[in-house]
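I have placed the structure first, in the form of structure tokens, so that the comments after it can refer back to it.
Chains here go by letter, A, B, C, D, E and F, matching the order in which they are written, and residues are numbered from 1 within each.
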Amino acid sequence: QDPQERRTAVPGVATGLAVTGAGGDVLYIEASLADPETGGSGLQLTGQLGDVMKESAQIALSFLRSHGAELELPVGDLKDRGVHIHVPAGAVPKDGPSAGVTMTTALASLLSGRRVRTDVAMTGEVSLTGRVLPIGGVKQKLLAAHRAGITTVVIPKRNEPDLDDVPAEILDALDVHPVADVRQVLALALEPAGSAAAPQEPEVPLAA
Amino acid sequence: QDPQERRTAVPGVATGLAVTGAGGDVLYIEASLADPETGGSGLQLTGQLGDVMKESAQIALSFLRSHGAELELPVGDLKDRGVHIHVPAGAVPKDGPSAGVTMTTALASLLSGRRVRTDVAMTGEVSLTGRVLPIGGVKQKLLAAHRAGITTVVIPKRNEPDLDDVPAEILDALDVHPVADVRQVLALALEPAGSAAAPQEPEVPLAA
Amino acid sequence: QDPQERRTAVPGVATGLAVTGAGGDVLYIEASLADPETGGSGLQLTGQLGDVMKESAQIALSFLRSHGAELELPVGDLKDRGVHIHVPAGAVPKDGPSAGVTMTTALASLLSGRRVRTDVAMTGEVSLTGRVLPIGGVKQKLLAAHRAGITTVVIPKRNEPDLDDVPAEILDALDVHPVADVRQVLALALEPAGSAAAPQEPEVPLAA
Amino acid sequence: QDPQERRTAVPGVATGLAVTGAGGDVLYIEASLADPETGGSGLQLTGQLGDVMKESAQIALSFLRSHGAELELPVGDLKDRGVHIHVPAGAVPKDGPSAGVTMTTALASLLSGRRVRTDVAMTGEVSLTGRVLPIGGVKQKLLAAHRAGITTVVIPKRNEPDLDDVPAEILDALDVHPVADVRQVLALALEPAGSAAAPQEPEVPLAA
Amino acid sequence: QDPQERRTAVPGVATGLAVTGAGGDVLYIEASLADPETGGSGLQLTGQLGDVMKESAQIALSFLRSHGAELELPVGDLKDRGVHIHVPAGAVPKDGPSAGVTMTTALASLLSGRRVRTDVAMTGEVSLTGRVLPIGGVKQKLLAAHRAGITTVVIPKRNEPDLDDVPAEILDALDVHPVADVRQVLALALEPAGSAAAPQEPEVPLAA
Amino acid sequence: QDPQERRTAVPGVATGLAVTGAGGDVLYIEASLADPETGGSGLQLTGQLGDVMKESAQIALSFLRSHGAELELPVGDLKDRGVHIHVPAGAVPKDGPSAGVTMTTALASLLSGRRVRTDVAMTGEVSLTGRVLPIGGVKQKLLAAHRAGITTVVIPKRNEPDLDDVPAEILDALDVHPVADVRQVLALALEPAGSAAAPQEPEVPLAA
């Protein structure tokens, strides 16, 4: 796949891992900030998210509202610009707390303008202090990440024992990072600020 | 049909394609902006839209709130003027994510003042970054477009394999455009800014 | 009936047509604007209206918010004064999209100060661009209009074929106007601005 | 009963008539306006009111918001002071449109500072233009009014035929006023502005 | 019990009487006003209150919003400071209108800074004009008050006949006050403004 | 466990005790304040909290809004900064009033910048005046605290009789503090203001 066509080719998109009825799967968390001129405000959540997943988004946002300035993120944008978090596919119901790290990463990517590494996927609940809490489905999620061409996976430190159940060839192929704090996820997953890569916007002029 | 009587004769209306119990059908997405003098604000959605379709409208609006300025659209209007998206017929319940491209096009048409081409219909889910995601019912939708006199149809790139199931005479008669980004839809479907056509308002004076 | 006692003797009231369990019936749509001094704002809907009928009211209001200035209506009033639309009788549930033209007419009457002609009744769904869309029950509605002493009835152009089922003596007695745009309804149904008629308020002084 | 102990001894209380499982009954509509200093605003409704009765209160308020100034009521108070309408007893569910005239009268009494006549009870739906529409239970309501010592009853003009079913001795004892407009009710039921009567507040000092 | 440990040792707490599945019981209504610096506003209700009891709190507040200034209460506090009414125990559902007098007393105590007499308990519905309306369970409530060491009980005047069912020794031990207006309750239950008593705040310094 | 890795290593986190289907358990209450620059406001509650537990959070906040200044807490922060209270794990439903003391402590810790002692756990309902009310499950909670390495436990004074059921070796190992007022909890559980300890933020730089 052309790197420019990858979902994470623009800041604000992070790759998560989910367990579905049919095993594990990769999902993308997309975040956007409204142009201040447009008067957008507040937090908009779409993608048929369940209660627990909506709360994960609120936790991610509150973490950045209280700790973002320490991370040198321009948090004033959260005041003047509406935040929208969407999880395609639009018609598929989703729930659970394990997208917490992915939501936090998508928002931090958007605020910083630093893209998320295309080779990294992640899973983990986040608490309000940034702690990464354990989740389920580690084996299925790693298999799905590998199938999707991901090479680096972030998991909660407290899920390390679950790696015993993952086939050795998968573990060999993947670079698995157990973490205890979401700040570690950000340090690992965000590309450097000035990294030269695909231009931020696809070259599709609107003018007729 | 007299061109002036067509639904897309004014900016803000785009032609979509839907699957109903009785096969495919053409539907129209109508968007309006309140006169700033009237104090209208926010986003109003009508037409008995289901949860997923309401979220599609919010995604379309957020896409333009964050990317509209790059497309040289006057996005400040979204602050000062209430947006209303309606999908006739008013009493028929509708749902699903596949009107995403149509809603985005109707809003961009309204903001730009450029009408949507009357010969174009479209279908496709839109993500928050403008990516066009696959939908269902390609065959029924193309048959319906053809029946309705449409000559150009926009579909998601990832739905190209579904064209195999469409009768050859329909494919011959239609100009089918598979796209990956909603910006491609806008470039294709919006008429040039200064195109001479039917006047924007039917000549029905109110004065008695 | 004394003309002054007619429901449409004051601006803001229009005569609609409905289908009930017992055939057709005449109904009145009443609209009011709060005195700006009273701090009223927003849109209030009463009369036990169902979802679809509430949406019709929002569409009527948005149509006037976006197109009212072209019709030389004082749309600034919609910012400073609360709008209330009520459909008596208060305890009877009502629903459906066919009061769209009547709601638009009542609001335009109120804004313009021009009364609605007492001899005119109307039925038709309205889209956000002002298009008049087809409705059901044409025969019952025309019979009810005739029973109520109405002489002019406005119906959607796309309902013209339904006139075949209406008894000839009813069609002879009525002046039926098929229309495609709500602006035609307003031109037909609103009395001229300076028409001499019953004073706007019944002469019932409050002072004891 | 000591006149000072009557429910209508203060402005803002009007006597209504209801049909209950056990025949008719008298009920009181109480209205209050918050001291502007207290920051109260909006419309508060209590008394376990059903949907239709809540709408009646909104109609009464909108009637006064749009027509109160013509009646020389100080409608600016509706902007600066919260309105509360309560219908005791607090735990008894109530519904229906027939308290419309009573609610309008209680609010007009409160705004004008003119008490409602203690000997008057009333029943009738009110439309947004002030028209009084017919209600049910005339016979039971008149019997209840008579039992409660009421001597004057206001009913809708269109309920006049129902008086045939009321026992002659009740009709003899009562002064029944059929009315078509709520302005007639106000003219009849409100005491003159400067009428000398019980002081507005019972003499119960709080100071210890 | 040490007077300082009594629930009513601080302004804003009043002793009510309730009927539960197991006879009567004493309950406490607690009210608080937010420090204006904290930006608290509006009315907060907690204690798993049912609809009728929530309405009682709104009536108590509206009574003080409209009549508090006559009672020389600093009602401007209701604008600048959030009001919270809580009824412990937090997990026990409660409902009914009979806490009206207790809620009004707790709020008046808070606004005036005058504590509620520790020996007084009360029961009674309050109307918007301050009238005290009858309630149920007089016998059980008086028994419960006596068991709890209460010596003075306020009941609605219209409940006087129910005293016939109360054992004579309870009536002898209690000072029962039937009242018709909530202003009588306040005059009876609030301690004088400058009464020397336990300090308003327990002496538990936070500093470590 | 490394002290720096403890949940209470930062201000705003307090250790509570809960009863679950499988006996008692330790839970953490996390509170955060949004950076005023971010425009956050109001109270956000997450962790799948039931109605009673949500009310506990509102009571804790109101207690600090009305009594925080007496405790020398910077309560103005509650106006300018959004408050978020979260109770991990995110997907586990929780309810009941017994986290009242823990919520109050977490908020007071956050406002004061003083950490909560890592060796202290607590349980107790709080009333609006700060009174600590009895809760259930004392035995299971003390066993859980002991298992988790806690050495000091705060319980409601009115739960002292329940200590009879707790095994002697647990009581020996624990320092149990029965309290009647939440101010006692704060004095006991908050570390001194200038205590040298782990730095407030883990050293995980975001810069790549």
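Following the convention adopted for this analysis, a residue touches a chain if its C-beta (ideal position, glycine included) is under 8 Å from a C-beta of that chain, and two chains touch if they have at least 3 such contacts.
The model shown is predicted, which means the values in this text are computed figures rather than measured ones.
**Q** Averaging each chain's C-alpha atoms to get its centre, pick out the one most distant from chain F.
**A** C
**Q** Any idea how many Å lie between the Cα centroids of chain B and chain E?
**A** Averaging C-alpha atoms per chain gives centres 60 Å apart.
**Q** Distance between chain B and chain F based on Cα centroids, please, to the nearest Å.
**A** So the centre of chain B lies 52 Å away from the centre of chain F.
**Q** Going round the ring from chain C toward chain D, what is the chain order?
**A** Traced from chain C through chain D, the chains around the ring are C, D, E, F, A, B.
**Q** With touch defined as at the start, can you tell me which chain C residues reach chain B in the complex?
**A** Contacts found on chain C: 51-52, 55-56, 58-59, 62-73, 75-76, 78-80, 96-97, 100, 108, 114, 125, 127-131, 133, 180-181, 183-184, 186-187, 190-193.
**Q** Residues of chain D touching chain E in their complex?
**A** The contact residues of chain D facing chain E are 5, 7, 10, 12-13, 28, 30-35, 37-40, 44, 46-48, 82, 84, 86, 88-91, 201-202, 204-208.
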